[in-house]
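The letters A, B, C, D, E and F name the chains in turn, as written, and every chain counts its residues from 1.
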Amino acid sequence: MERSDKTFYELGGMNEKAVRHLAFEIAKRLEGGEILLLKGDLGTGKTTFVKALAEGLRIDPDDVRSPTFTIVNTYVGRNLTLLHADLYRLSDPSEVLELDLLGLLGPETVLAVEWPELLAGFIGKNALKIELEYEDEKTRRLKLSGSYKWIERMVKDFFKKERQTKEVK
Amino acid sequence: MRVLAIESSCDETAVAIVEDGKLLSSVLSSQVNIHRKYGGVVPEIAARKHLENILFLLDEALDRASLKIDDIDVFAATQGPGLVGSLLVGLSLAKGLSISLNKPFVAVNHLIGHIYANFLSFPDLEYPFLVLLVSGGHTEILLAEDWNNFKRIGKTRDDAAGEAFDKVARLLGLGYPGGPEVELAARNGNPIYRFPRALNEKGNFDFSFSGLKTSVLYFLKNNPEARIEDVAAAFQEAVIDSLLTKTFAAAKTYGINKIVFAGGVAANTRLRERANEIAKEKDINIYFPPIEFCTDNAAMIAMVAYEKAKRGIFSPIDTNAIPYLSIVSL
Amino acid sequence: MKYLSIDSSSRRLLLLGVNEDKTMGVTLHNVGRHGTYLAPAVKDLLEYLQMSVKELDFIGCGIGPGSLTGLRVGISTVKGLAYPFDIPVISFCSLDLLAYNNYLSSAVVMRRGREGYYYWRKYRFEGYKPVPVEEPGFDSVDKLKSGILTKNEVLIFENEQEKEQFEGYDSLIALPPSPEIMKQIIVKAFEAGETIDVRELKPYYLQKSVAELNWERKHGKST
Amino acid sequence: MKYLSIDSSSRRLLLLGVNEDKTMGVTLHNVGRHGTYLAPAVKDLLEYLQMSVKELDFIGCGIGPGSLTGLRVGISTVKGLAYPFDIPVISFCSLDLLAYNNYLSSAVVMRRGREGYYYWRKYRFEGYKPVPVEEPGFDSVDKLKSGILTKNEVLIFENEQEKEQFEGYDSLIALPPSPEIMKQIIVKAFEAGETIDVRELKPYYLQKSVAELNWERKHGKST
Amino acid sequence: MRVLAIESSCDETAVAIVEDGKLLSSVLSSQVNIHRKYGGVVPEIAARKHLENILFLLDEALDRASLKIDDIDVFAATQGPGLVGSLLVGLSLAKGLSISLNKPFVAVNHLIGHIYANFLSFPDLEYPFLVLLVSGGHTEILLAEDWNNFKRIGKTRDDAAGEAFDKVARLLGLGYPGGPEVELAARNGNPIYRFPRALNEKGNFDFSFSGLKTSVLYFLKNNPEARIEDVAAAFQEAVIDSLLTKTFAAAKTYGINKIVFAGGVAANTRLRERANEIAKEKDINIYFPPIEFCTDNAAMIAMVAYEKAKRGIFSPIDTNAIPYLSIVSL
Amino acid sequence: MERSDKTFYELGGMNEKAVRHLAFEIAKRLEGGEILLLKGDLGTGKTTFVKALAEGLRIDPDDVRSPTFTIVNTYVGRNLTLLHADLYRLSDPSEVLELDLLGLLGPETVLAVEWPELLAGFIGKNALKIELEYEDEKTRRLKLSGSYKWIERMVKDFFKKERQTKEVK
């Protein structure tokens, strides 16, 4: 596994429940201002992840829909507001800049981005990158990396709750 | 009373003028070749370049209606839902015009706009009626009870139907936009497979189409010999079955005998076939509006604004964009 | 002369109205979102000064660089105000507001665009009036430190946090821009005949070219 | 902290409102008579900032010297605002507003009281902050020129006309005072605990003693 | 409904509180010893030191009414006529209180205040009635037709009657205030001389007293032997004759059978004697209010404000002082 | 007659009509900002003078009353506003200062002051001083002095209209 100054975790054999659980754990640790980048092929579960994240922020997950056509959906949670972006339909970085996503991010806002490749050049080190890959139709492999201090703690807590996971650091 | 409305919630910049409920002009950045007033150079009309598009569209809309800006009595704009930066362009422009000419201002809900679009096609449509709004960005069953009384009966919990068509088309190696491509392929195929219909419990009017992506993907993986056309047909059948079963069930539950189908997916022939069949069985009237009023436009916004304005209901000038505006009363 | 001017490029919303010898200036800092406050403030300003948009000789508008969302509200509002009467527009660089009322020989105004990147503009001074040396730019902190900034120039920041990354440079915190400063800028421009048609009004969009360069480098794609 | 402050000592009416991190400043110059505009401006300011007088930590009030009529409107309005809730008041010398944002070592702010007479106050500077050296005074041009003013001090005037009688002196025209400057003055005073009870609030009345001296000299009457 | 009113149009600073038309307290700077809240030092109450007086008077008025400032529902002040600097103190204070406590504000006409003062003395006085307002600063015949309908029937074209008394007293070498002094002297004299009655044409309800100054001066010059007391009596007779002849004539012309005499000069015994005589002849009711409500006070201002407030008539917060305000409708 | 750098005129034998005529002539030449000081004993005609001055400013003279008790009366004329003050009841200069008369004087205001002695220390050179004295019950002697440039012209014009006057310069 690639070593870098960022933390890096790989979680395999994750069924949908586990994926949602992880998102929920992450949501509990969000304070506002964080960016989550969700990278993965069609149907790997990025939107599913964000639904569970939203639930952790006290947002009704049924209100969290795919932002493919709307590009950015805004959900108002109990303490934080969740900006849910999907850059699938965008074709170049200037289109991303026009969204002014970073301008809309505030101390009480969290940003989750599906298909985040176009955003790569603009995000500094402070982001949580989550890569989703198919293992099979119902199982996914998730790769987490990022410099938020709470990631390590969160993964450890998560392991305590889940059994079918392997930690590689 | 002349209402000028601006729609800029997402991809489209649009301006329309309505006089006493009658449409005088409607222009869209995606459909109009605008010649710049000075120099004759045609500027690039790109999606979401609202700030660049807006004054040219204003010129066009007024020109086609043979009006001057001070012939307008009310200025309206979409308040939400949508992209906040895009919404703000339309809202701010409308407010600026309102202040400049000392005319009232009205903020409009985009979703209610889609409902009112039906009056552009069916001026005599009477309340109450049901709307299945099904496009790339919307999949909702809406109940229009009254000029000011709307309910969302059902909605998708993840992907919109049109989005599903587009993404499955990609998985099947078909072009964009996916809807027509899948429909074409399906016509040359047979729905010999069965994909799951999500949320199909009785009385559940919500939809879910995201599972179809994974289902189709793994089906193709596991059945490399399956004909694309057959998979397309099976997928299409699953979506349409879901849409129509729930929609007609809602009509029955709410005692409505009129259903309007709106949105890009309503262009689908198979959906129209099946809808007609079921409608005959159940003795329900169904309506399919012309495509131009189903996709985002400003005429529908103007119609809503007109209804409010003629009742003296205006919006304060500090009305801000609400990107997450949901369907509430006017 | 009668005119109006606004700057919505930052959290500090500036409004100015002049009706002959009557002047009204309003500053709203952190008061709320421009989408809520700008229009009522413009309306109230015109009421206090007892003038209508129709009578205005021109409208001034800050075009950034700065918050794209804030600039959209300001620029689109000005478009709506000016359009019905074809009122000429004076656009100005919002960074110029920060250069005023400093007693220096050369300076660079710095405004953070996004993490690790700053908008900047260089000025020399004629007496106490800042004169921009070139168009504003947008670059990474690294690029700025390794060539763009020189040790002669004083760096002007809007607040302490934005100054942090430039230890070792001569710097100061700008005077909070006032409507009076905006007045000086736009009157000078108007007298120099620098009005534009409202259709030409658009924001500085400096992040774009940098983004495109980066993208092309990565993807070998021509824009 | 939440506070309000006004200065009505000249034709330039200044208003400032602060509600924690939200700040709103309004300047009305020559817009009309303070008796008409001050109260609505205060009311609108509180509305924009969404705060009520009840919540204020203090109210700032310029007490001149300057236009007696203007000061009456301002001071009496502040009395009405503060009285129901016993809100502490910070009073400040209006001339101090003109001393700010100058880069000098010593200066005298000059404001014409009446024909041939000026209000004045001397300042030294700590860095760029003016520090008054003594209480403001009121004297004839002759008296000022023959002893009060020295050649070291730069004279600060509000406009060109008031400067005319002092040819030969180092002088400059003050930056138009802004609500931000008022903010600095009153926050500093509040932090130093210099609040007064609203009953103590009254204007500088410097012309009086001069008038009385003259009168007594003429009429041999004791005051 | 509790109304607090401030009167500061000229020499007096006054505050009064009225509840539902009933006077709860009335304080005046000229009559009250105010002890400073802190330190117990009695500040100098000087005429026209409104800014210094006002909060102490506010304290006193509330104290005597046993109320707190937030018990007040409406804040009122005199808008004019008067000295602009003085008026602004009262107006600005009332506006400040109004904003601070979010209560409505009412601006009041001082002259209408003098008319309404009569209700403080005669609560059951019914419209219509005539008022002869005669003091140092006012000499007018006012017709009160209705709560909101007043007319000035006649006025002095130069000096007020009380002013005439004061100035003639000075010419006669008598003290100040002149009215009582002249009256006293006159009682020991006889009106054996005749001074001119100005503007005595039929139907002319205006007055003019300035000629009396020169007449008296030159009379004394040319008749050094004349007794001061006789000159005083003759002067007094001229003034009273003028006042009463016109006032009763106005009552006849306008068909009014009630006359209220108000103002410092109404304290004059000879005027009261003569008025009573004429009233009996003409079968007209005459009223003389106590002196405290004839001179400037805030109770009369509060009464007017109450009448407006109870009808929901308030004043905008940008109401400025009008030093030359004349008698118009409320 | 005293010579000074100010103009100085003496007009004797003025009956009431002549006095009013002079005031009217002066009114026609007022542009705004001027100060007139009316000095004279009780009943010499100061108020009478101001009435006629007002008439020249298109103000109804019947609306001009003695300001002895009101201290300052304001009359709005067609082009100018007339401030009519009477300092008879004031006893020291601070009372005068409190009136802020000079603060109220604007480019479209004219100030006329009866019993102006308390104001003397505050008025600069720019004022027109009119002294009224008794000659007999119906006749007055008026002494004009002041530095307004139009005074000389006005007196000359006045002489053309009046016969019973002597000019002394």
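Operating definition for what follows: contacts are C-beta pairs under 8 Å (C-beta built on N, C-alpha and C of every residue); 3 or more make two chains touch, one makes a residue touch a chain.
The UniProt protein names, listed by chain, are A, F = tRNA threonylcarbamoyladenosine biosynthesis protein TsaE; B, E = tRNA N6-adenosine threonylcarbamoyltransferase; C, D = Peptidase M22 glycoprotease.
Just so it is clear, the structure is predicted and the values come from calculations on it, not from any experiment.
Asker: Within the chain touch network, how many edges lie on the shortest path between chain A and chain F?
Answerer: The fewest touching-chain steps linking chain A to chain F number 3.
Asker: Can you list the clusters of touching chains once chain D is excluded?
Answerer: Connectivity check, chain D excluded: A, B, C | E, F.
Asker: Enumerate, in label order, the chains that touch chain C and chain F alike.
Answerer: For chain C paired with chain F, the chains in contact with each are D, in label order.
Asker: As a quick test, compute the distance in whole Å between the mean CA positions of chain D and chain F.
Answerer: 35
Asker: Can you check how far apart chain E and chain F are, centre to centre, with Cα atoms defining each centre and the answer in Å?
Answerer: Whole-Å distance between the two chain centres: 29.
Asker: Could you give the separation in Å between the centres of chain A and chain D, each centre being the mean of its C-alpha atoms?
Answerer: Inter-chain centre distance comes to 56 Å.
Asker: Name the residues of chain B that each touch 2 or more other chains.
Answerer: Residues 84-85 of chain B each touch two or more of the other chains.
Asker: When you check chain A against every other chain, which residues touch at least two of them?
Answerer: 98, 100, 104
Asker: Provide the list of chain C residues touching at least two other chains, using ranges where the numbers run on.
Answerer: Those would be 37, 40, 68-69.
Asker: Is the chain-to-chain touch network here best called a line, a ring, a star, complete, or other?
Answerer: other
Asker: Determine which chains touch and list them pairwise.
Answerer: Here the touching chain pairs work out to A-B, A-C, B-C, C-D, D-E, D-F, E-F.
Asker: Would you mind writing out the residues of chain C in touch with chain D in their complex?
Answerer: These residues of chain C touch chain D: 21-32, 37, 40-41, 44, 48-49, 101, 103, 175-176, 178-180.
Asker: Could you pull out which chain C residues touch chain B in their complex?
Answerer: Listed in rising order, the residues are 33, 35-40, 42-43, 46, 52-54, 68-69, 72-85, 197-199, 202-203.
Asker: Applying the document's contact rule, which stretches of chain D touch chain F when the two form their complex?
Answerer: 67-70, 114-116, 205, 207-208, 211-212, 214-215, 218, 221, 223
Asker: For the complex, which residues does chain F have touching chain E?
Answerer: Listed in rising order, the residues of chain F that touch chain E are 42-43, 47-48, 51, 61-62, 65-66, 68-76, 95, 98-100, 104, 134, 136-137.
Asker: How about chain B: which of its residues touch chain A in the complex?
Answerer: For this pair, the touching residues of chain B are 10, 48-49, 81-85, 135-137, 155-160, 162-163, 166-167, 170-171, 206, 210, 213-215, 217-218, 323-324.
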